[in-house]
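Here chain A shows up in two complexes: once beside chain B, once beside chain C.
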Partner chain A sequence: MLDIKPIFNAIRRSKIGAVLLLLQIALTMAIVSNAAFMINDHVSYLREDTGFPEKEIFSLSVMTFGKDRSLSQQAELDETMIRSLPGVIDASLTQAIPLSGGGSSSSVRLKPSPEKSKSISVPYYYMDEHGLNTFGIKLLEGRNFRPEEIIVGNDFTGNGPNTVIVSQALADALFPDGGALGETVYLKNRPLEIIGIVGTMKSPWPNGMRDKTTAIVPFMDVQNYQHILVRTDKTERANIMANIEQNMLDVYDKRVIINVDGLDKTKENYDSTDVLMMRMLIVLVVILLLVTALGIFGLTQFNISKRTKQIGTRRALGARKSAIVRYFLVENTMVCIAGLLIGGIAAVVLGDVMMKSYSISSLEPEFILGTAVFIFVMSIVAVIFPAMRAANISPSIATRSI
Partner chain B sequence: MLTMNNVSKIYQTNSVQTHALRDFSLTVNEGEFIAVTGPSGSGKTTFLNIAGLLEPFTSGQYTLDGVDIGGLSDNETADLRNQKIGYIFQGFNLIPDLNLYENVEVPLRYRGIAAKERKIRIEQCLEQVGLASRAKHLPQQLSGGQQQRVAIARALAGKPRFLLADEPTGNLDSLMARQVMELLEEINKNGATIVMVTHDAELARRAPRNIQVVDGQLADFTLYQGKPTVTATRAEEAVVASGV
Partner chain C sequence: MFLHYIDLSWRSIKRTPVISFLMVFAIAIGIGLTMTSLSVYHMMSMDPIPHKSGAIFYPQLNIMDDGSEWHSSDNLPYQLTYQDAVNLYNADIPVPKSPSFRSGFSVHLNSPDVKPTMEPARLVNREFFTIFDRPFIYGAPWSLNSQDTHEYVAVISEKINNRLFAGENSVGQHIYLDNNSYRIVGVTANWKHHVKYYDVNNGAFNSSEQLYIPFGIGALEEITTWGNLNGWKHEALKNYQDLMHSEHVWVQFWVQLNSEDEKQQFTNFLMSYMEDQREKGRFNRQTLEYKLRNVTEWLEYNNVVSEDNRILVGLSFMFLLVCVSNILGLLLAKFLKRAPEVGVRRALGASKRHIFAQHIVEVSVIGLAGGLLGIVIAQIGLWGIRVTNSYYDALATMDVSMLLAAPIIALVASFLAGLYPAWLVCRTQPAIYLKSQ
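Now for the complex of A and B:
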């Protein structure tokens, strides 16, 4: 017999402790379910394929201060030298390092401006025909750039490229019905024919909203400060990275080689703030759950010490030990369920606010349900031990002065 | 109804042993109304607790309504308390968060009586103690005498064969004490066996049979005849020493 009605009435008549606990459970529910969702979202992101063989790729940045060489010619010499190094698979200049948090992005439209058309913000990489091989990304459809399609210069709109390779995600976003290959799109109002479609190719902002709708544009705008991406045999990368500065300076020494980093390390650096935040969030969730569990434990202990005589009286009136344990479990369950219901609504509202304010995905119902089940089980564990202790209160307490 | 043979109770704390009851023997017949008196610390409450199955005894034999209490499990003891014994406590021991109806209902729920039957019994018992109209009130809304009447209703609701009262009038003024005593006498007339612990000599005098507990032993086993006759030497010494 669960005695729900009298227990409910008793809670109703002496509600301060129960209401405080209910609010704590509701708050925990709202925060933990959203936090759990965010943590899961982030863990999924960390496990997500970037499209790049990160352990095979490294990047370096070149700051040229010498004025006696053509930057574009020097870039070609550098690329040729690097590609000839033992263990190097390919290398390419680029204006943006993938997964680094720094790059270029612009709107890609289906029609030239100012005509109205679908417009998508697209992070892009300027690379030559070695770009795909350097990225280690395979074409799903179409072809790679031809050498003659690579445009070297600085007037993109006036004398820029005519072709583009897009990720599948961008192709799908621009042409949901398919058939993107061969279509013309406009980047900085310049028409570009889609000649190839690749699979996953993450942007320089892998945790951003437009992390997968990316493009490679065959354009080389060589500047004093330039990045080079190098793909190597995985086992050779460390050795090549260790010597690349000297190799570069041997070719031309009026420059500085900096930021020689593996792509995996680059992503790690990019994620470090988020990872720290996630760890803090996990700590917060654990603390919150512990505080709630302690709250439930403490309130039960308090109720037991406050009701010692009452428990003794119940035992004297014929309550078995199991009935006393059941009493506290039912009491906790009622408060807990009410808290979880309110907390569930609060979680949805909080999730909605966060979705609108921080552009994160909407809270999935299974996280609310999972958190509710977890908190409920935790509350049972927090109650069961004090309740068992309460059950051992002697019925003779009923006749003693305490 | 109740038979205790050489029942002893020893409380052990660290190295100190306290003999609360020593070779206590008593027989209570069905339908009797017994008043138990004795000085503070004499073992009255321990006797009542053991008689009411609220605590175990250390040695001896105790039979209640034909059941040997010695070998019962905790659950069997709880069930026996619930089915055969009604308690009236000095401090009433009503549950403050439950109204009168719910308080009287507590032992019936533990017995698993159906809601319909519970309702009939609760209404009958509250009617019997004159509080049917206040069933929805909380205990703190009643006077001490009324609260004790609710406690009596709760004790009666389970239709116990054996009623134990621990100083039932101890917290009441003389008028209310008399009313409660009259109620107990009426209950006894209806067939319930009552054992009442009291300090009140006047109330004890109204019970057909008095026993006195002194120093954990039965001091007098005779019908009350105006003044207690202490027969045990140890008890006599204790009474004289305490100036009672």
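Now for the complex of A and C:
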């Protein structure tokens, strides 16, 4: 019905055109399905919720060189000053800025150090009772820190805090069967009671392995280089950020205020290489598809110009226009399906090679399938216009000699 | 003959402008994309100090007791402990060596006119400048004497010198780092590098520090690192003294070893040092382990070239292959259409070789044009990268070798595409075409 056999024979007689088309489709298939998979990976990471209202929060870093004040007393004064600014919701000192790529982590264990036990690498934030409100993160279970639970000092293990608030992800990782609230865990060999559990609260490394298993520890070890996190009304943030340096220096001027950045900006910086890679992949895929579509278009044109006479003859012998169009569509479909099959195998092999040498998860089959469908539709579109023109070849052409 | 072929190809290109343009464009797009990713890759992986990258070494010691593991590929810590760095520096081997770590200060002149700024700084010993060939505009590194007597001295960069001293010779002047005064002994030229190879643990493509002070000041002023500080066992670190004597690693170390002899001497020392330390109760392990990597090996070991970038280079070469197969199709169409003409030329006495050469020249002209246009496209691509990502400022550029590589890759690609069509067309039988006309 579809005249597959004669078409196949025709292909066999002019192999090179078909082989080229096949090769192109196979390569495109292999590249596009892998690239699409990687793009999807990047996009889903970039869209992931960090837990923070990024547009309401900004951070600043303070480098104190004056030695005439106690750092922790000064920190108290700064916090009070910032919290009193109009438009500020809350502020808290922290030793690590979320989503920034810099912070601290340590292993959290179920038993103290020499004993064997489950151990999970945990990025943590040292913050006081204002921490949760500054982060803009709600408690799911338990309670916030009480002011008397905040420990100021530098001897964490000997004289540190006794409580901790953990993310749901960490609670689940430590206690898969639930019931984490009220349990005791060990951080730097100090027993801490889990008093609260929060939802998503990403770490300073949102794109790493340790992105969600985070904790807030009520400890203040104020250094001469210190970060402060501030949450404001969304509309007031720019204004407050513009004045914060002067406000801070007015309180005490033997220090430098740097890196006053919105949390959305911080994340943007952290993600910039991901975004770049994603854009380059998108450019590559789009141009590749265009080039392949043009290639199919060109080859069909070439085939038609070679077969003008043959088409004219067929028309003269009574073939309908639709038969001519169908001929080219079927021919293209046959080559395309062969190309997609080879390309599908190549895609799996390529994905496998990349998975082995790089930290990429294995290619999911729906991406191969999706790409195949897309390339197939695209090839039909690229063929149909030249084929329709071919159908308009006049039968009289068959009677002419050249 | 060659000029004649070029003339012929020009005529042929003019005769089919659309198809010729499509071919040039296909090569240009392929080259443009490939060169964009290849240039970034090239800059990332380029030898940062070609004349001595094989003579500068980074020692690593396995300080961990048996049973502990490090997150590196060969289970060795990336940095040294403070005590090991000091001991290695004090080793009685007359080669330039220096510990180093990154920190930072607020810099000011103790006057209200100049607002304090925050500057990253590097704590090194004087040999650091020798090892990395740092040129001085004014002055010189601090003397051995000032280093030994812990004098507060500093080397500043041209950039800071321009800002604070308007580019004048500032040697002998004083500068304040936090609240200590340091005497400036030298001004170095700004350090421009694609890869911050002497310290990859703060981001391999970050900019260099603008301030250098003696390593020994670190202990006096209790200066902490701005880089990674990692431990492998539980240690209570209550103060700076604890940190200095701990098994935490946070100091980098470089040594220049010019000959195999010196290298041998240094490795012997490392071995005997570790044995000595084991007797004192450290290095509690079965086999003592160390590694001495030169700059090139060190960058390789630290995976400085991101894997994203390798993938992109691979994908763009595959993309170029698609372009090549496209051009192959177009060339086939073009050359075969010309078969009657070739038949006549063959009948008039042109040899197969001549026909082949003529067509290859034509393909090369197209390839070269595509390569040149490809450079333009690559420049646009690189500009796009620089605009969207300032981290790649120094990396997203084409140097001379890449500018040369572009037309060469284009030529090879077009050659690959043209080989089969040219071979096909040179086999044309004159008889067929003479008959039909």
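Observations
Following the convention adopted for this analysis, the second predicted complex is superposed on the first by the 372 of 402 C-alpha atoms of A that agree within 3 Å, B and C clash if a C-alpha of one lies under 4 Å from a C-alpha of the other, contacts with A are read in each partner's own complex, and residues count from 1 in each chain.
By our rule, a residue touches a chain if its C-beta (ideal position, glycine included) is under 8 Å from a C-beta of that chain, and two chains touch if they have at least 3 such contacts.
What you see is a predicted model, and the numbers here were worked out from it, not measured in a lab.
After overlaying the two complexes on the shared chain, residue contacts for A:316 are found with chain B alone; chain C is out of touch. Contact with chain B, but none with chain C, is seen for A:3 once the two complexes are overlaid on the shared chain.
Shared-chain residue A:396: touches chain B; no touch with chain C.
Residue contacts after overlaying the shared chain place A:13 against chain B, while chain C stays out of touching range.
Applying the stated contact rule after C-alpha superposition, one finds that A:359 touches chain C and leaves chain B untouched.
A count of residues in chain A touched by chain B and by chain C gives the higher number to C.
Interface residues of chain A, counted against chain B in their complex, comprise 1, 3, 6, 9-11, 13-14, 309-310, 313-323, 394-396, 398-401.
If you check the complex, the residues on chain A that touch chain C are 16-17, 20-21, 23-24, 27-28, 30-31, 34-35, 38, 63, 65-67, 113, 154-155, 157-158, 188-189, 223-225, 254-256, 258, 272-273, 275-277, 279-281, 283-284, 287-288, 291-292, 294-295, 298-299, 301-302, 305, 354, 357-360.
Those residues of chain B that touch chain A in the shared complex are 45, 48-49, 52-55, 74-75, 78-79, 81-83, 87, 89-91, 93, 95-99, 102, 105-107, 109-112, 138, 154, 158, 166.
Those residues of chain C whose C-beta lies close enough to touch chain A in the complex are 22, 26, 29, 33, 36-37, 104-106, 108, 116-118, 176, 178-179, 224, 234, 236, 238-239, 306-308, 310-312, 315-316, 318-319, 321-323, 325-326, 328-330, 332-333, 381, 384-385, 388-392, 420.
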